[in-house]
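Structure provided below as structure tokens; questions to follow.
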Amino acid sequence: MIASILAVLPAAEGIPNPSIPTSWVLLLAALLFILGIYGFLVRRDLIVVFMSIELMLNAANLTFLAAARERMLDPEGQVYAIFVITVAAVEAAVGLALLIAWFRLRATLDVETAVELEG
Amino acid sequence: MALPVFLILAAGAVFFAANVVLRRNPAECAVHLVGSFFCLAGIYLMIGFPFLAALQLLVYAGAIMVLFLFVIMLLDLRREEPRENPRISTIAPLAMGLLFGLLAVVLPDMPVAVATGRGAVAGAGGAEGGKELANYLFGRHLLTFEATSLLLLAGIFGVVVLAKRRTSRKADLERLLENIEAESRTERKEPPLVGAGSEGVAS
Amino acid sequence: MSDYLFLIPSLPLLGALLCGILHARGGKARDLAGPVANLAVLGSFLVAVLAFLEIRGHEAEALVYEGFTWIHTGTLLLPFKLHLDALSGFMALIVTGVGLLIHFYSIGYMAHDEGRAKYFAYLNLFVFAMSLLILGANLPLLFVGWEGVGAMSYLLIGFWYDKEGGWPAVAGQKAFIANRVGDMGFLIGMFLLFTNFGTLDVAAMKEAPALSGGVATLICLLLFLGATGKSAQIPLFVWLPDAMAGPTPVSALIHAATMVTAGVYMVCRMSFLFVQSPTAMAVVAVVGAVTALLAGTIALAQRDLKKVLAYSTVSQLGYMFLACGVGAFSAAIFHVGTHAFFKALLFLGAGSVIHGMHEEQDAFRMGGLRRHMPITWITFLVGGLCLAGFPLTSGFFSKDEILWETVSSGGSAAYALWGLGALTALLTAFYTFRLVSLTFLGKERFDPGEVHPHESPWTMTLPLVILALLGLGGGLMGLPAVFVEDGNWIHHLLSPVLAEGRPFASEGGHGLDHAQEGLFMVYSSIIAVVGILAGLILYRNGPERMAGLAKTFRPVHVLLAGKWFVDEIYQVCILTPLAALSRFAGWFDLGIVDGLVNGLGRLFQGAGFLVRRVQDGHIQSYAMWMAGTTTVVLAWLVMQLW
Amino acid sequence: MDSSLPLILTFLPLAGALGILVAPVRGRDGGAASLWGFAQLIGVATFLASLPLWFGYGPGEEGVKFAFSADWFRFQTLQVRFALGVDGLSVLLILLTTLVSMLVLFSASSHIKDRAREFLFWLLVMESGMLGVFLALDFFTFYVFWEVMLIPLYFIIGIWGGPRRRYATIKFFLYTMAGSVLMLLAIVWLVSHPLTLPGAGGPALTSSILDHTAHLRLPASTQTWLFLAFAVAFLIKVPAVPFHTWLPDAHVEAPTSGSVILAGVLLKMGTYGLIRFCLPLFPLATLDFAPILMGIGLVGLLYGAFLAWAQSDLKKLVAYSSISHLGPIVLGTFALNALGLEGSVLQMISHGLATPALFLLVGMIYERRHTREIGDFGGLARVMPRFAFFLMLATFASVGLPGLSGFVGEFMIFLGAFQASPWIGAVAAAGVIFGAVYMLSMMRRVAFGPLRSEENRRLKDLSLRESLVLVPLVVLFVWIGVSPSTFTSRTSKTLAQIQAKVEQAR
């Protein structure tokens, strides 16, 4: 069983696992992205909204890598992916800090209550 | 032979992602998100980016999700109440469905830019792929790299400033108690756990 | 070119200004107003006499005074030009003469009214406007006098504006607006004249070639509409009886002698035009005759002294227009003259009675005044005789001449019109002596305790006596051919000025000869005597006897006493709908037109609200908008790719 | 030869206004008295400065006199000049403006108590704006002064007005602004349209009104929409019937002096504009639209009369009456004959005198009784004879009683209209009746009739100062009524030229 897993590992030559069509990967990324948007729009809990954002970022990452793979494992793609991850990390950190400050004020994370900007 | 494995992993990623969005309890959402990250890491591995897969696991699953879990535990978040006006929750799925349909139609034959010469180096994804990547990272993208480090620095300062306590501890406590009372009054189903909730926060 | 002619209008104008200043100063000065006003009119009268003699003397066709240019625009040239010929000379004599007597009478009548200076100022202004009307050489100048007279009657009728709950002011306004309706016709007539003749100068129009029948008729009818407004004929006579709300000398001057005859003067002045359209003449004659009869019937059932005289005036004016209608313009002017004398006499007599009876005007509550006011009684009797047309009085000659001219004008209509005239003559005689016997004969029907009638001072009775003499002697002016060969002095005087025209004669009418004239004269004297005796006998001792008769013919009495309900008809048919229309206009303007404007404002406001609702504060709804629009854009892109 | 008179006329009030703004005055009542004194001095000075126009521009004169023009700014090939001048059409209106403004300055001190400084400032700015409009001979100068004139009235109604002043003044401002924006569009088009001036070689750009009036040749279609643009702007100002709803509100809410100036001069801007611009510049379109506009004038006359009859508020009645009195002016203008045109100009002047007198009287009675409901009055003639005397004269003048100013103008207009089209002339003559109906019933309910309420009994009559303000108006009523030719002779030549310009195109 380990062998089958190891077999999955990319062989040295050419594009690894050519049998996986890039478009499918893109489709997966799209689906993840859409789930992210859905979570962002629908959920009332701010923390879950944050998670949906993370999900969207990952979907973007996947798209980068899929494209990079298509172009013979172009490092450009990987570099962007790395930057995405870094930014996501910072964003999460600052976001959560804000979240805590918010909670300290409101005792709830419900997005519905924040309507001061109403026109 | 790799396709079925990919499909399994993809299905797993989608399943976990769906749960992240649909679960009521934030803690469960976090766990499912971690699961989804693992599946993604697996996919990265399969399409030839082992370094990225590692990074994904290390940074995302390891650092960010831990942070999330930590915050969830710190703030002791309860189950989320369903939204009063279901208006958005009815429209959103339809919109997402439509959007996905569009992407599904468009993405397969998305014209990907012609492969540049450099990428043709065979075996870039292999063990020494990381070295190749490093040369690239610190060569061409040095400026971006430094920018992100600045970003990280700013992030740290930001968090410290935000987390600093402006009001006295006692004032915080009173306000927290008030808020909790207020929140407990608004919770319709569960009985007010005033006792348990308060000493948890006070520590 | 006699330049003293402008004195006739300017003297009363000067008098009016002086009285105005005296009124403004108030106090003792007000008593000066009477004499000043009288002097002004006296001066004007003398000038009129002088001018009249100058014309009669050496056959000078007419005196003309050309002043400054009044209006000069494009082809319209209207100088301030006065023109005195036989017709306007005769009228000027009447206006200033009778006016003078009435001014003199007013001194006594208004002696203790604190607004007397203002009263004399208005009276003088009236004489000024009337003289302008008579002497005006072009129609717009005549029109200035025409409306000026209307305005003055408005002010004088409403002189005691705060008595009887403000009724005089309403009566004054009614008079002015009724005149204005007539003036509309006059205005349009003038416009037509100007477009056809290119000028509005009467003399110039006279020489101009005749107009086509249709246009002439239209113009004459329009001018006649103006005349009916001013001289209170059928459609527009409603204002005259109400005009009695003014002081009695005013009624005498304006509503008997001068203003109301302005219409007749205008028709005679434009006789050269009227003659050109037989249809217009027929209309004038018929309207005159019918008005005479209608007014006569109404006078039968009136109790108020002045109301009876007012309706009698309307009736006599009807006679004058009848005369104009049958082409006997000089007879009309003759009747204007005599009527001015005896009707002014009757009004002033009535004024003296009212003055004596302390503002009591209801004839039913008088009676037996002949013992208390002998002079007034005799002069009133003389006036009554003239009005009734008692033989040999001036009223007899002038009215008889009109009747004779009507019947001798030939044509089938002649006899019908004569019949109407004769019937009205009978009614006139009857209601005149009904009035005389009710007021002066029989026993006193007022309690002598609180009302003790006394004879008026000499300043009031002197004009009565003069007018009585004029009334009696007035007939000499127009003796019919039967008596003296060419005794009709006034006919010779006016014939060069007035056009000759027998509209009906053309229908194969047979001119009657002198013998018939004598016969018809006998008819009218019989009619007069019968009427007088009936009036005396039936009303000798009070109205009771006739009251019974009135009850038997209940509907007729109600109809007549109610003045044929003409006022009510006008109110319902014209005034109320117009008022409703104006209220509707008011609502329409505020609601619809203004509504549209405000609506525009509210439209933008509404649009603003719509947009505002999008900003509802929920982050997720903003995100929703973003997601939505990206989807749409994406879809559009996809469509393009396809 | 540039004469400096128009400059003085236009900028003297403006200088006075600035002077008042900065004048350091002390005194018991915060220096108001000296401010009023200074302003009145300026008013009299401007009036005296305008008198030479009357003598300089005698009967039978023609063409532009007292011309002044200086380069203003250059825009590529277009050299815009600040051109002022007086011709037959504007000489009487300028005199009317200076007279009415002077009278307002004298009469306003009785009812403007607070913030006198700003009020006087705005009043004088408005006077210079109005004079500028009548004097302007250049499109841009005209339009600048047209706007300068609007703003002060916006403040005068807005600040010192009645309860609903904000609504009224905004409505007035927006309404007129909409119109003038249309006009600006047309002006810009005109000025950017090269004009072939004789002797100036090829077609050149110019913004002088006189050049355009003389040499503008446009095809019928462009004339139509340009005509409409100008006509709508001026019809709003007149106000002609469809665009009249701003007037009653503006009048009712304006302070007395605001109403007097609005009715006395501002309404004449509309009719002046029609004659100055619409007729000579676009003859073909004028001929096409003449019947319609005569109809509008006629409707204005009758509709205005009916509206006035339905009013219970004295000031609103007078406001609607001025709509009814301006109808004939439009009617006369578009009768397109000598009688109609001269009649309209004369009627402008006579309305410019009669309605201010009425508004001043309404103001005086309002100061005493603080109500404008006609029902509250009655029998004032007994208590206030002088007031009743002036009211009677003003009513007779506005009703058009012969011998006073109203009659001559209306007679000439109706005669001119009759020549143009008999039916409209006849119906217009009928309008005379309704005019009399509502004015006389107003006068009866106010001055005559019994004294009903106690308060009316204690009213004191007009003071000498108030009467003196009314005297010049009354004198002019009689002067115009008795000898209108002295006035019409000054306008006849200029109007004949304008009429000739329209006739050429027929």
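Going by the order they are written in, the chains are A, B, C and D; count residues from 1 in each one.
The rule is short, and it goes like this: contacts are C-beta pairs under 8 Å (C-beta built on N, C-alpha and C of every residue); 3 or more make two chains touch, one makes a residue touch a chain.
It should be emphasised that the depicted structure is a prediction, and the values quoted were computed from it without experimental measurement.
By number of C-beta pairs in contact, C-D leads over the other of C-D and B-C. Work out the mean CA point of chain C and of chain D, and you get 38 Å between them. For the pair chain A and chain D, the distance between mean C-alpha positions equals 75 Å. Averaged C-alpha coordinates give centres for chain A and chain C that are 104 Å from one another. For chain B, the set of residues touching two or more other chains reads 88, 92, 99. The multi-chain contact residues of chain A, meaning those touching 2 or more other chains, are 37, 41-42, 112.
Touching chain pairs in this entry, ordered by label, are A-B, A-C, B-C, C-D.
Every residue of chain B that touches chain C in the complex is listed here, in rising order: 88, 91-92, 95, 98-99, 102, 105-106. The touching residues of chain D, when paired with chain C in their complex, are 171, 175, 242, 244-246, 303, 306-307, 309-311, 337-339, 342-343, 378-379, 381-382, 392, 396, 401-403, 407-408, 411-412, 414-415, 418-419, 422, 425-426, 429-430, 432-433, 436-437, 440-441, 444, 447-451, 482-485, 488-489, 492.
Those residues of chain A lying in contact with chain B across their complex are 4, 7-10, 12-17, 19-20, 22-28, 30-39, 41-45, 47-48, 50-52, 54-55, 58, 61-62, 65-76, 78-79, 81-83, 85-90, 92-94, 96-101, 103-110, 112. Residues 620-621, 624, 627-628, 631, 634-635, 638, 641 of chain C are the ones touching chain B in the complex. Chain A makes touch with chain C in their complex at residues 37, 40-42, 111-112, 114-119.
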